[in-house]
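First the structure, in the form of C-alpha cells, and then the observations on it.
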Amino acid sequence: MIVILKQNPNRDQLESLIAWLQEKGVTIHTSIGEANTILGLVGDTSKLDIDLIAALDIVEDVKRVQEPYKNANRKFHPEDTVIQVRDTRIGGGTLTLMAGPCSVESEDQVVAIAKAVKAAGATMLRGGAFKPRTSPYAFQGLGATGLEYLKVARQETGLPIVTELMDITQLPLFKDVDVIQIGARNMQNFDLLKAVGHQDKPVMIKRGMSATYEEWLMSAEYVMASGNENVILCERGIRTFESYTRNTLDIAAIPVLRTLTHLPIIIDPSHATGKYWLVEPMSRAAVAAGADGLQIEVHNDPAHALCDGPQSLKPEIFAPLAQKLLKLHEAVRALD
Amino acid sequence: MIVILKQNPNRDQLESLIAWLQEKGVTIHTSIGEANTILGLVGDTSKLDIDLIAALDIVEDVKRVQEPYKNANRKFHPEDTVIQVRDTRIGGGTLTLMAGPCSVESEDQVVAIAKAVKAAGATMLRGGAFKPRTSPYAFQGLGATGLEYLKVARQETGLPIVTELMDITQLPLFKDVDVIQIGARNMQNFDLLKAVGHQDKPVMIKRGMSATYEEWLMSAEYVMASGNENVILCERGIRTFESYTRNTLDIAAIPVLRTLTHLPIIIDPSHATGKYWLVEPMSRAAVAAGADGLQIEVHNDPAHALCDGPQSLKPEIFAPLAQKLLKLHEAVRALD
Amino acid sequence: MIVILKQNPNRDQLESLIAWLQEKGVTIHTSIGEANTILGLVGDTSKLDIDLIAALDIVEDVKRVQEPYKNANRKFHPEDTVIQVRDTRIGGGTLTLMAGPCSVESEDQVVAIAKAVKAAGATMLRGGAFKPRTSPYAFQGLGATGLEYLKVARQETGLPIVTELMDITQLPLFKDVDVIQIGARNMQNFDLLKAVGHQDKPVMIKRGMSATYEEWLMSAEYVMASGNENVILCERGIRTFESYTRNTLDIAAIPVLRTLTHLPIIIDPSHATGKYWLVEPMSRAAVAAGADGLQIEVHNDPAHALCDGPQSLKPEIFAPLAQKLLKLHEAVRALD
Amino acid sequence: MIVILKQNPNRDQLESLIAWLQEKGVTIHTSIGEANTILGLVGDTSKLDIDLIAALDIVEDVKRVQEPYKNANRKFHPEDTVIQVRDTRIGGGTLTLMAGPCSVESEDQVVAIAKAVKAAGATMLRGGAFKPRTSPYAFQGLGATGLEYLKVARQETGLPIVTELMDITQLPLFKDVDVIQIGARNMQNFDLLKAVGHQDKPVMIKRGMSATYEEWLMSAEYVMASGNENVILCERGIRTFESYTRNTLDIAAIPVLRTLTHLPIIIDPSHATGKYWLVEPMSRAAVAAGADGLQIEVHNDPAHALCDGPQSLKPEIFAPLAQKLLKLHEAVRALD
C-alpha cells in the first residue's frame, strides 16, 4: 500500500500515523519527493482500512498495491477451480448450461421444462422458489413448496438444481439443493455470505447491480474465508444510463475475472438484457469470451397467455440455441 | 398503465394478452393509431408485472401511469409524516441532527461523543454496533456489546439512538433501540424489510448505491405494507463514474421525494462524500434544499492516532457546524 | 407520442396545449381514465420537442411511440447498408478489420505497420493524424503531415484509410481519405456532423462516452439528413462506475442496433478496455455477437521502449489474432 | 507520478522504460518491496501519458501524484479568480444571476425577458442563438439574427450577455458578446477550446455529461494554456441511472472545485433537472454550498401555449426566487 502525503504534513500527525501503522505490523519505506512525501507500506496490509487512511488530514491519496482478497486470488491459487455438482462439472473447460423458469409455478411446469432443457443439452436446472421482487404486492414465489417441485424435477431428469437463497432463516430448507444462488441484491448481505460459507453446498454469487470487480470478489472472499471454497461468480449486468436494455451486460468481466481469480464464471444474459431476443447474441458473445457457462431462462406454460413472456425463451427456441452454443464453444476452444 | 403494441401484432397473442389482463381485473381501452395500437389499462395495476408485459413478443413498450407504491405515496397521504422518537420529532419542520461515531468502539468513546454532540445541538445519537464491511478481514463491529454501550450513552444524555440492523437473526437485540437503520446494501433485502415491518420501531432506510427513487420507495412500501408506517428515508450518495468523492450525493432527492412521498428525508453527507471537509458544504446544501435532517459522523478518541479520521469530524468541529446548520435552517424557513 | 396529463389539469392550459399541437399538424386522440387523461398524438411527431412537452405544468409524462430517426431507421430501410470502400466492403456479412497505430508517428512507422496488418488479414488501415488529447500539453498528432504518411501507406499496401476529423476547418485536408472518423467526444458536435453530411466520404461515428443508442442514431441521422447515407457506427465503450477497464464495452449494442438500424456496426475493443490483453477476448465476443468489423490498435516501433504499449498489440500478436477472428467469424456464420 | 511494477518484471523492458523516462527529463526513485517494485517519478510529469505507461506489460498500475493542470490549479494560484464583465463581477463573493430564455425566439421576446429579469435582480442575460439540438429536425436557433436580438436586449437593459458558441466558424460573430459559453457536448471539442483560448472574451465551460472533475479542469486548461485566463466553470448535471430528473446535479462539484481551482463556479439547475419546479430547491442548495452564481432559464411569451414550458420559469416566478436567493446568499455568507 502506498500513502501519498499532502505537502508539508503536520509533523505530529505524521508521527502518530507512522506509529499507528507500525503497531499494525507493517514496515514503512519513506520516499521524499520534491513536492510530496510517499510512504510505502510493506507487509500484510489486508487488514488496513484504505478509506480510513485516505481520509486523514495529512493524506492526499492512498493506493493499494496488493489485492485485498486472498482465497479468491489467482496469484495464490493459479489453477482453475472446478466444481463437481453431481454428475456435472462447472469450470475447467466445460460449458455449463443452467436453464429453467424464472419462478417455479407448479410441479407440472417445472418438470416439463426440466425434461425439455435436459433434452436440449442443459446440464443444470435453474428455478426460483424464493423470489426477490421489487414490489411487496408481486408474487413472492412458492417458497418451500417450490423447492420440493424442483427436487421432483431433479429426480425425473437427473439435472442438479440451482436456486436462490434470500435469507439465513431459509437455510435449513436448502440442505438438499445442489447449488445455492445468492442474488444480486444480496451480494453484500454479509451475514448471509458468512452463513453460506459455513455450509458445504457450492455457492453462486451474482454480481450486484453496481458492484465493482473487487467488491464482488470480496463477497466471494467472505464465503471462502468462512470455509467454503466452492464459489461461482455470475455476471448479470450492471446499471448504467442506457435504459433500452434492463442492464448493461459486462462481457469484459469474463477475461478480467479469469485473470484476477480462479473461480468459474457464469453469464446470465436473460436478466441482464430483459429481452428474450437478446439472449442468443449475448450468449454467443459470452461463450466466445470464455465464459464457463450460461444461466438462461426457459419458460413453457402453454395454457398461459404470457407463455412467450419476459426474458424467457420457449423450450423449442432453447433447444437449437443450446446446440449452437455447444458448437460455438467447441469452435472457440479449437482456436487456442 | 399503457401498453404500446408492435406494428401488426399477432392476433392470437393479442387476444390472450387481453384475456389475461381482464382476468387480473383491469379494464382495457384500445386506441388504434396510424402505426401502433395502444392499450390503456384502467383499474388497480399495482399487481401487474411491468417487466413481464414489456417482454411479450407483441409489446413494444409499457409505461406505468400510476406509481406502484401506495402507502408511501403522497397522493394518498397528503400530510407530512412526523415521527416521534422519545422527546424529539423527525419531520414536520424540525431539523434532526443525528451524530455519532461510525463504529462504537468502547463505552467511554461513545459516551464522550454522545455528550459532546448533545451539547452541540444534536438530537439523536448514531453509532454502528453491527458493521457491514466490504472485507471479511475488517473489524465487524462490537455487536450486542456495542448496542449496550449505545444504551449507556442514551441514559447519560437522553439522546435516542439509531443503529443498523444487518440480519433478521439480530432483531431480538434491537428491542430497545429507538430507530432501526437499514443500510444501503440491504435496501432490497426484502425479508429483512418485511421483518422490520412487523415490529414497531421506526425504520430508516438508506438508499441503495444504484437504486432509483421508485425502487427506494418500494422498499419503504415493503415495510409499510407489513404494518409499520414509521419509515424514514436517508440519501447517502449514488454510484457514478466520478471517483473523486466516494459517491455522488443526490441533493435533488430531497425535493423530488418531498413531492412523491410524505415520509421524512435525511441526508448523510459523511458516507456520500467520504471526505470530512465536504461534510459542511453538503450539509448546508441539504438544509437549503429542505432536508428534514442530517446524519453526520463525529469521532473523538484523543488517544488514537487516527482521531481526525475518515469522513468523521471531531466534536470541536461539529459544535460550530451544528450551530451554523440550525441558523441556516431558520434562515431557509424564513424565506417561505 | 403519448402525453399523460396530471390529475385535474388546468382547463385553459389543456386547451392551449391541444391548440398548439394541432397547429403542429398532429391529430389528438383523448382517452380519459379513472385517474389520468391521456392524449395520443397521431401523425408526424418527429419535430415535437419531447422535453418541452414533458415540462409543461399539466403534463405528468410523455412517451414517444415512434423513433425520432428516419433515415437511420430499419423500419423504413429494411435491408442492411453495405458500404463500398475501394476494394473492400463494410457490412453485408463481411468482417472488416481496421488495424493500425493510435497515432501516426512517422512514415516508416505507419508503412511498416500497414504492411504487417495487411499481411495479417486487415482490410483497412487506421491511424490518427489529428489526435483528441485530454491534455493541452500532450502530443496533438502530426496533423496534415500525418495524413500524407497514411496516404503513402495506402499506396504501398492498397489498404483504404480511416482517420479522425476533429474540426470543420480541417475538412479540406480529408478530401483523399477513405473513411472519415468522428470521435466519441465529437459525437454531438452537430455542426461537424452536418459538414460531413454535406460531403461524400463514408463517415464512421464513434459512440459518445455516455450516449444512449437513440442519441447515437440521431447523430447518424444528422449526417444522413444532410445527404450522406454512408454512415458506420462504432461502439468504443461507455462510462460506468467500474474503473478496472477504461470503459465498459457494451456488446449488446451490436444486436440492439442490428434491430434498430440498417447501418454497419464496428467494435473498438482497444479504446474500450484500455488494456491490450483484453483486445482478443472482447474481439471474439464482438464477432460472436455479429459485429460487422473491428477497429484494433496495432503498434510496432521496435526502437522504442514503449513498443508493447497501451491498448496496442504488436504486429506479431495481431497476425494470429486476425486469423482466429476470421476463423471464428466463419464458425459463427455457419451457425445460422 | 508513481509506477507500480508487476511482480518479477522483465529486466530489459524495465531498463528501456527507465531510459525512456529519463529521456523525458524525470528523475526516478526505485523502491523495492516484498512483492512489488515501485518507481517514484520526480520532476515535470505533466507531459507523460499516464494511459500509455499504465498499459505497459511490466506495469501493474500508475498513480498520478500531481494534478495534470497548472493554470487552473489553485496550488499555483491561491487567490480566487474574479472576472469583470462590464459592470458586473463573477466570483469573489458575489452571486451572479444569469437569466433568460433557452432559445432566442424574437426581439420582443428577449427584450421583454431581459427587462423582467433585470428588474428581478439578474446580473446577466443568457439566451441561445445557436442551439445544440439532439435532432436535426428540431429548431436549430436563430443564429446570427439571435445574437443581434441579444445585443438589442443588452442595450435596453445594460445586462451583459452570455451565449453559446458551437463551432469555430461562428467565432467572428461572437466579437461583441460578453461571455462565450461552451456547451456540455463541446467540452472536449479541443479545437474549439483552443480557438476561444486565443481570443479575449471570458469563456464559460459547461461540464460534459460524463466528465470527471479532472477532465473538466483540463478543458479549462486548454483555454488557459492558449492565453485566456478568464474561464468560468458551469455544472449542469451528470448522467446517471436515475431517470426521474434529466441528469443528476452534482452539488459537491462546488466545494470540490473550490479546493482544486481558483476559477468561478456557476450552477445550471434548469438543464440539470429538466423540471422547472426543481429549479428553486436546487438553486438554494447551490447557493448554500457556495456557488458563485446560477444560470436559470426564464421564459415569457404570453401568446404562446407553451409559455409555462420546459425547465423555464415565468418572469413572475423568477422575481421572488431571485430575491430569496440573494437573501439566502447573504445568510450563508453571514455564517462564515
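First chain written, first letter: the chains are A, B, C and D, and each begins at residue 1.
One rule holds in what follows: a residue touches a chain if its C-beta (ideal position, glycine included) is under 8 Å from a C-beta of that chain, and two chains touch if they have at least 3 such contacts.
Here the structure is a predicted model, which means the values were calculated and not measured.
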item	value
Common touching chains of chain C and chain B	A, D
Higher-contact pair (C-beta pairs counted), A-D versus B-D	B-D
From chain A, the most remote chain by mean C-alpha position	D
Cα-centroid distance, chain C relative to chain D, in whole angstrom	26
Distance between the centres, which are taken as Cα means, of chain D and chain A, whole angstrom	39
For chain B paired with chain D, centre-to-centre distance based on mean C-alpha positions, whole Å	31
In chain B, residues with contacts to at least two other chains	210, 239-241, 243
Chain D-facing residues of chain A, complex	2, 4, 29, 31, 33-36, 38, 40, 42-43, 60-61, 63, 65-66, 239-241, 243
In the complex, chain D residues that touch chain B	210, 212-214, 238, 240-245, 248-252, 254-256, 259, 272-273, 277-278, 281-282, 284-290, 324, 327-328, 331-332, 335
Interfacial residue positions of chain A with respect to chain B in the complex	13, 16-17, 19-20, 46-47, 49, 51-57, 68, 132-138, 140, 166-170, 185-186, 188-192, 194, 209-210, 215, 218, 221-222, 225-226, 239, 246, 274-276, 304-306, 308-312
